[in-house]
Structures are given as structure tokens and as C-alpha cells.
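You will see subunit A twice below: alongside subunit B first, and alongside subunit C after that.
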Partner chain A sequence: MAKKKRLKDLNFLEKIYLPEISKGLVQTFKKMFQPRFTMEYPEVKFEPPDSYRGRPVLVQEENGEERCVACGLCSRVCPALAIEIQAGETEREKERYPERFEINMIRCIFCGLCEEVCPEEAIIMSKDYELVFSNREDALYGKDKLLVPINELQDRINFLRKHK
Partner chain B sequence: MPKFQIDGKEFEFKNGQTVLEVALENGIDIPHFCYHPLLSISGNCRMCLVEIEKMPKLMISCSTLAAEGMVVHTQSERAINARKAVMEFFLINHPLDCPICDEAGECKLQDYTYQHSIGESRFTETKNLKEKRVPLGPYVMFDGDRCIACSRCIRFCDEIAKSSQLTFVKRGDRVTIETFPGMQLDNSYSLNVTDICPVGALTNRDFRFKARVWDMSATKSVCIGCSRGCNIEVWVRSNEIMRLTPRFNPDVNQYWMCDEGRLKTWKHVNSDTRINGPQLRKNGTLAEVGWDEAYAFAISELKNFNKDEIGIILSSSASMEDNYMGIKFGKSVLGAKYFGYKSKVLKGSGDDILITDDKAPNTFGLELLLKSFSVRIENSFEQVMSLINEGKIKALLVIEDDILSGSEELNKTLDRLDLLIVTASNMNKTAEKAHIIFAASTYAEKNGTFVNVSGRIQRTKPAVVTSERERSLDGFEMSRLDKFGTEWDKWGKVNKIEARASWKILNGLGVVMGQKLKYNMAEEVFVDLSKTIDKLSGLDYRAIGETGVQLKLTNTN
Partner chain C sequence: MDLWTIIIISIIKILFVVTITLLTVSYLVYFERKISAWVQDRIGPNRVGWYGLLQPFADVFKLFLKEDIVPDASIKSIHTLAPIITLFVAFSTYAVLPWGPPVNIFGYEIPLVLADVNSGILIVLALTSLGVYGITFSGWASGSKYSLLGGVRSSAQMISYEISMGFSVAGVLLISESLRPAAIIESQSGWMWNAFIQPIGFITFLVSAFAETNRLPFDLPEAEPELVGGYHTEYSSMKFAAFFLAEYANMIISSGLIVTLYLGGWQVPYIETFGLSSGWVTMMQIGAFFFKVGAVLFFFIWVRWSIPRFKYNQLMNLGWKVMFPLALVNLVWVAILVMLLN
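Here is the complex of A and B:
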């Protein structure tokens, strides 16, 4: 095998290492007295900014109804095919509602396209990043887990209205 | 032939053809809403405006006759601007509520809005609201907001269904559709208006909100509701049929199909009454068993009977392949002499549009088959039944027919049998009496051929997967979900019925009895049967194609 040539040969000082080690230690001591960024999760929880894309959720209006009209656009746009919807008819003004709405959280890649395409501002990327499941079935989030009251999502909605 | 120019190209035309007709024939798409090839010209939507040299105003191409030397521009600035203006007018009051509209994805207005509209609205006033969710009849729902007043639905009822039930009321931007006082939109063809309505104003109440069009696959097939054999598409999502729509065939059904066929010929495919795997009667009750056990049991039972003691009931609703195997198995394996089929003719139930008196899709074909095997057919069914009553026929094989339905008097007759074997897709009165049931695939689950009332042979193709097939491997139509789903996705975990085509069941029985011929595919059966019938010689599935082949009829028919 041919010997690979280094981009740059080490000079004498670098070759004896000790000066380089002390340089590194200077960094270490400097950082010891600066503020810390690491968090001791889960004792300390990370509060994401409004731009954060946690798990997608469905907006639940104050009267308890979902905003979603089951148009299927999120399901169509979802690059991971994570969303499955069965529409049904309702007496409400908008005629159509999701009888079943499921997001497969194993498939979801948190891209936020569903949120972007939704004509009703009904599906929103929440700040929830704590997703735990131990089997495939539990990863299917139905309406029971997806519906979140609108006041918990107000930050993100304001953010979207400002930047969309 | 006279010639004229569209967009700089010369086209020949026949006298009496309109500019739009010639353009569409030659693949030039002039957008239009109210024009329909089989309806009278109404000329009210103004979408097909084109510029014609030497004419002061733009002309609607649907009612302007082509003339020698005419020079038409469809892409000139004036024509394009006119189109944009027309679109803008349409959208003034249109709700554009595509997210909750069932038409989305197959909507002319939606498509044209993308193609020919300026992309934004200058209209800031409140939209004119009309009545939504009006049931016009038992099957059709009307949404006034979405109607663009093209009058296609009215003209369809007047001209095709021959029952004037719809009309415009009010004028200007308040115009809307209503049924005549005291009437409903309930003619036998009413659902066709949902296909020709260029927007989502008229929707199928049976299909509303069930599925998005882009989530389904569409398989080209043939309706089995009556002997007309209307060409259809079978729309499937997650291996379940969601709806049927008519498919254009100028020689059979044009663009139409009847409501009965559209709504009632497929519900059994997804139903709870499906027979899932073969069943044997043990100690008086039916129990599910494996195929091999059922085959072996059926053969061992059949061996107890003399040739003369076996009767075979074929079905004018079953495909050529199934009936062919029924006759072949009966004649050459069992040596049976008595064949029959129950006629499904309901005198007076047909009309002079599409619906025929004969409610079976393959009577013509079955008779061709019987004739080619020189089997006596006149009163054959009654003969078989009376032979059972006389105790001469003791074992009966029924292929895909519920002979008891509508003939309760036959109950006692069937009770006299020592052995009743049926192939059936759904539990029915005949199957309940059977000693052996073989689970049969429906027409939506197999390849098959049917000969319609005028002697046209047409094909059905499988749209729904049964346990013996795989959608991705067996050449089925695939929706987006079918292509990318896995077995762990809900929609990928489809319910597959344990069933086989009747020809395959009979083939299986034959093999157990040592029959030499072994078929693997429906097409092999067809190729063999086409050799026995002169009129079918040389045909195969490819030749029959999507729209079928008219058989040559002679006076003997």
C-alpha cells in the first residue's frame, strides 16, 4: 500500500504534544467558569421556541370540536405517508369531519408539510417531543391523542400567522 | 373533404361538425363546461370562446360550424383574455370549498382554475349564498353554491334518461337547479348527472365523503347487473370497493350506466356474508375446512353416485370460464348428463335505453357454450328440478347461483338431494342447504369474459385481492397507498377473503380425480374454450381488450 501523504506535516513543537495539550487545557479551564448549556433532562425540561416542530397535533376548538374537515390534503402531501383519514358527514356547517384521523408516529418525519398545506389551520406542529412507544400499534396516534385544546397551541398559531 | 385552420394547422372536417368537435377530435383541447358530446348544444358557459378571423366578435366554438377556409385561433391574446374573464365570472360566487368538496381531484372547474385563471380574485363583496345539501332524489345530493349553471344535468334528464325532472329556477346570479314540483330526481339513470356535472354540485349520496379520488385505484371492468354489460371502472381503496363509474364505450353504454348497476352490483364483495374458505356439513352444521380436505371429501362423496344421478346447475351470471369448466368437469370427469341454468329474465323490467329484461350478464355466452357441447337447454332447469323430485337425480352441483332465491317452492326439491355441492361467494339460501360449499371469488376478484345481449364479448378484471393473489405481483391496478404501504400500515393490512374462482375450484376437483388438463390462469381456460366455439376462434384476452369484441352473429342465433 502506498503511504498516504499528510496535508501538512507536523512541526517540531506539535510533534512533542505537550504545548498542544496545555493549549487544550486552557480551553477547558476557560469553559469551566462560563455559563452551562447542557440540561439535565428529564429533571430539567427543554422549552422549545415557537419555531420548533414537535409532533403534529389537531386543533380542538373551545367548543370541543376539531377544526379539521378531513379534506385529506395533509395525508396527500405527507412525504412519509404517515396520515390516514376517514371522512364522514356531519350536521355542522362544514359538512365534513374526520371520523378517524390517525398519524403513524413511526412514519412521521416532523417535516411540517401537513401543517403548511392545511387549509383550515387544523393540524399544527406542537412543542411536544416526548414520544414513547414500545410497539407499532401504540405508535398509531388516533384522535384521542391528536386533539389538543387550542389555547395550548396559541404560540405556534401566532408564529405561523406571522411568518406564513 | 373541406378544410380549415386551427392555430395554424389544417384540419379536415365533415359538414355539420362544429369547431370544438374538430378540435377535440384532433387533440386540441379547447376548455369547455356545458358542451357534452352526447347532449344538445347549449352554449351557455362561454368557456370555449375562440377567435375566428373575419368575425367581429369571439365565437363559442361548441356551436360554430366549421367552414371551408375558416381560420381559428385558440391561443391568441383575445381568446386567452376572454377565457380568463369567463373564469373570473365563474369564480365570483363559486365557494371554492374544494377541501370539503367530493369533486376535488376530478373537477373541471378546479383544473381550469389552475390552467386558465388569473390566480387571484378581485371580488371583495360577499358571495351569493345558495342552498347546500339538497337531496334531489334518493341518490343525488345538490349543492347550490357550487353549481355553475351549465345545464348538463337538465339536458341529460331530458335527452338521455327521457324523464324531465330537473329545471333552472330564478335568474342571473341567483339561478339554481330544482326538481319540478312534486317530482324527485329518481329516474333509473339519475346518478349519471354526478359524472357529467363538471363541478361538485351534484354528488353521489352513496359515495359522498367516503374516499378521496386520489387514494383509490380504478380497474376497467364490466357491470354484471344485466345483460347489457356496461363498461365500468371499479374504484378500490384498501382492497375495498368504494364506487363504480361508467366507462366510455361507444358500442355498448356510451358514457352511462344505470343506478341499479352502479349501486347494487358490488356491495356483496365487501359484505359480512362473504364465505371465507370452504365449508363442509358435519353433524348437521357447516364447518370451515381447508381446500384439500374439501376437495377430497367432495370427490369421495361424488363417487357414490351413478353418472345419471348427478345434475349440474350452471349460471348465466357466471363468466364463460366458470361455465366452461362446469360443463367440462361435468361431462368428461363426472360423465353427467343433466345440465341446466336458471333464467334471470324479468319480463318488462328493461327499457329502451340500457337496462335489459335479462338480469344476468352472460346468458348469450352460456348458451353458446351449451350449444357447442350439444347440451339440451330448453327447460333444462325445470327438467333437472323435476328429475330431483322423481328421485332420479340425487346429487347436484350448483355453480355460482342462488337457485332458491325467488323460488321458495324449490326448498322441498333440494331437501330430497343426498348431496348438494355449491360454489358461492356469499351465504345465501341455496348455500345454507349445501353439504359442501366452495368459497367462490366474485366478478371483481377474477379475470373473466362475458357475452352481452348483443353478442359482444367483454372482460372483467380483478380489482379486489383474494387470499391467493398479491396486488403488487399479479398486475392489479395500484393506488398510491397500495404502492407504498407496508403490512404494518393500517391501509396495507387488507382483508383478503379466502376464495377461488369457480373454474379454479372445478379444476382442483378435476385434478384430484385424475383429470389430465390443468389450468393455472383464467386465460388458459379461455383459450381452450375459444377453440370449442367457432364464433370465439382466434380470440384471446388481448384481442378482447378493454372495450370487447363483437361476435359475428348468424341467423341460427
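Here is the complex of A and C:
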């Protein structure tokens, strides 16, 4: 039976290596003068796109109130059980508000389900990805850290309205 | 010249060579990392000092501070001896490589080489062969199977490629009719570089040099995916640094050897027709030697980051079935050339 020619059979030029090796060398030499992909992080910061899911934050309206009505849906849906809410009542038009709203950032997995489930558009994934804490108490983000003015979150809100 | 002048001049030359070598080795590591980064679209070390230029010193300092671990299963004396042999071999070879023409200073004729011996190339070959002992000892004495495999591989590889290396050198010796490095350089005046006269020999020597220095694509003795770290798996701290240093020192000596044997050494072609003063000519010739060595070193690093590692059977096939016959063909070619033209 005649020997079948296979795809991986090399021709003579390929067998003597050198032309192929020089091709590879030319390729890497060209690479040396092409622009770099590395971002020098602390000096140059990554600007995430609108679809980015950073740390979850609570929306603060322009008059200083929070949007959250403490329905507890986010806490219920959270797969990592990171959110804890204690509801309270007020005299304002929106009767309920969260007395205590805590996200345990050690537990949070940045899945964005809380944002998806929120009926009031009150919890939003921000673009903030620099989360550093040196002990477990610091990792419990309360309302003081969670509330973010609405004008800082407008990009993400527009993105959600368009695609959700 | 009386004895004392000779001793003083020799000491100055030794200091010069050792300093240059150590500096080159440390910056070779820096450029290895830089060039690998450039090839891979990265930036490379740039935090320690201006453009990361102090990085080599940070590396050495880190290695100094590490704990020196000697495994229980090892043979302690040989385990300690191995890096010493490797380093000694790597640094002693520089003695016979001339880095410039003889110069006249204060009426003394000083050859720019530590030891202008008649059997220079033979000494280089002998010493580089000794280097196998360092690696084999380290593999044997570590008491670890990975080290042992690395050591065995390296000895087999070095012995195989020593043969084609020797035969390639024989081609050069036929033309120069001398083992003295200075005579070999003189025989390549003008554009009569051995790389052009015997291209096959140049390629076989180049490939053998890669195999002898355990550089990629032939770095099987320390193939990380298979052997962890190869023969230096069980070494840490300054003993590991010694192996590391020796590898790069070997790279420099190989480059120096390639330049001396095939690329005309310190000669600049037809420099005497430029009409420069003798001082300038000497400076340019010394500069040319370092430039050529630098270019070959760049080639070493460049190849490392372009070509994947060979399999062991491919390595042996290449060594015995391709490189050895090619070196013989080259020898015959040079012999015919010498017969016809001489």
C-alpha cells in the first residue's frame, strides 16, 4: 500500500528547521517594537466600561435620601448571604427606609443579582474595584460607605435601562 | 619588563575582566527579563531604580537573604562542591579570550588578554567540559530524582554536543593553523570572517553553543514542566545564585568564543583605510569586540523567547544525526578550500 501523505508531513525546507526558525525570529523581533498591553496600575487606572460590575452601592437621591425601601429582596436573592437589612419607618412619602444596610464585602461575589432584583433601582453595581481592608470588621460596609450620590452612577443606570 | 610590572598589570587586567563580567552577568539577567517582556507585549521590570536598572541588585540581595537549605538525603560535601565547580569553570575560561589588540602604554607592550597561551582554544574546550561535573555532581548529590534526571540529561547532552563543537572548531583551526586565539583572530582580517568562509561550521558551532550552555531550545536539564527545576531543584540561596550566575557567565563566554572564532574577534574590517590615529583604532577595536559579544548575547536571548523546547529524542537526533555529520562536511569543505587556495 502506498504511503498516504499526511498534513503533518513536513517538506524539505521545513525539515531543515532554519527557515522556519528564522520566520519565528522575525515574528518575535517585530513584536519587540509593537505597543505594550501592560497598564502601569497605581499610576494609570483602569476605567471600566458601563457593563462592569464593581462593588454594589446604594443610590442616594439629589435631596440626600436613599432610594431603598428596605423590601429585603436583595438580601433574599443574594447567593452568598452577604446583605443584611433592618427596615425602619418614617413620616415621609416613602414610608419605609433601611435603618441598617450592611454588605459583607468578604462574602460578596459581585454577581449583580441584587441589582437585577431591585424594584426601586436602589442598589447598583458601581465601577469601584479598589476594595482593601486589613481586618474583618472593616469589610462590613454600612450605609456610610454604601450611599453614593446618583450623579456618579448615571452611566450604569442608563446602561441598565437600555439593556435590562 | 620586570616581574613586578607584569604582576601589577596582570592584577589590573584580572580586576577589569572580573568586574566587567559580573556587571555584564547582572545586566544580562535584566535584559533577559526586559527582552522577554518586549516579545510578550509586556513592559518588564521598571520599579527598582530608573527604568528598573537596579533590579539585578535587588535580585541578588533577595537571594542573599534567603535561607540556605541542604536536604537531609543529600551528600553534603558534593552538594556544596557542585556550585563551586560550576562557577569556577564559568569564570576561569575568560582568561584566554582576547578583547582587543596589544596596546602600548608607557612604552610597555600589553596584550589585552589575561593569558596569551598557545593552546587557548584547547583550554576553553577542556574547561567547558569540566562544567559537566558541576551539573552532574549537583544532580547526583541532591538526593532527589528530579535533580538526578536533570544531571543525567545534561551530561548526555553536553557530551553529545561537545563532539560537533570540537569538529566545528577544527575547521577554524585548519585556516588559522594555530590554537592561539590571537592568531585565529588575525587569520580573519578584512571580511575573511570564518562565519562567511564556513557557514555550515558557524551554524553547527552556534547550535552546539546553545546546547552547551543549556539555553533554550536545549534547556532540557532544567525543563520546568518535567523536572521542576532540574539539577538545581534542591538548591537555594547563594548556591542557587551560583548556578544562575554560572549559566549567564557561560552565555557570555560562548558569545566571546563565537565572536573570536567566527566573527573576526576585535577586528573592524578595513579599519586601517579609514585614516584614524592608532589610539582611536584601538578604542574602536575594543568597542567592536564588546559590540559583537553584545549582539550575540542578544541573539541568545532572542532565540530563547522565540523557539519552544526540543524533546529529548529530537535533541539527540539533532546532535548525532545532523550536527555531527554537518560538522564533518564543514571540515572537508575547509580542507578543500585550504588545499585549493593555499
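Please note the rule applied: the second predicted complex is superposed on the first by the 136 of 164 C-alpha atoms of A that agree within 3 Å, B and C clash if a C-alpha of one lies under 4 Å from a C-alpha of the other, contacts with A are read in each partner's own complex, and residues count from 1 in each chain.
In the analysis below, a contact is a pair of C-beta atoms (placed from the backbone, for glycine too) under 8 Å apart; a residue touches a chain by one contact, two chains touch by 3 or more.
On a predicted model such as this, the values are computed, not experimentally measured, just so you know.
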Partner chain in contact with A:F29 - subunit B first, subunit C second, else both or neither:
second
Give one of first, second, both or neither to describe whether A:R136 is in contact with subunit B, with subunit C, with both, or with none.
first
Output check: A:E120 vs subunit B and subunit C. Expected answer is one of first, second, both, neither. What do you get?
first
Answer with first, second, both or neither: which of subunit B and subunit C does A:E102 touch in the superposed model?
first
As a test of reading the superposition: which chain, subunit B or subunit C, is in touch with more residues of subunit A?
B
With both complexes superposed on chain A, which partner does A:G88 reach: first (subunit B), second (subunit C), both or neither?
first
Which residues form the common part of the subunit A surface touched by subunit B and by subunit C?
none
Mind pulling up the subunit C residues that touch subunit A in the complex?
35, 38-43, 46, 203, 302-303, 305-307
Seen from subunit A, its contact residues with subunit C in the complex are 18, 21, 24-25, 27-29, 31-32, 34-38, 40
Could you list, by residue number, the parts of subunit B that touch subunit A in their complex?
98-100, 104, 132-133, 208-210, 212, 214-215, 481, 484-485, 488-491
Provide the residue numbers of subunit A that touch subunit B in the complex, in ascending order.
69-73, 75-76, 81, 84, 87-89, 94-96, 102, 104, 107, 119-120, 136, 140
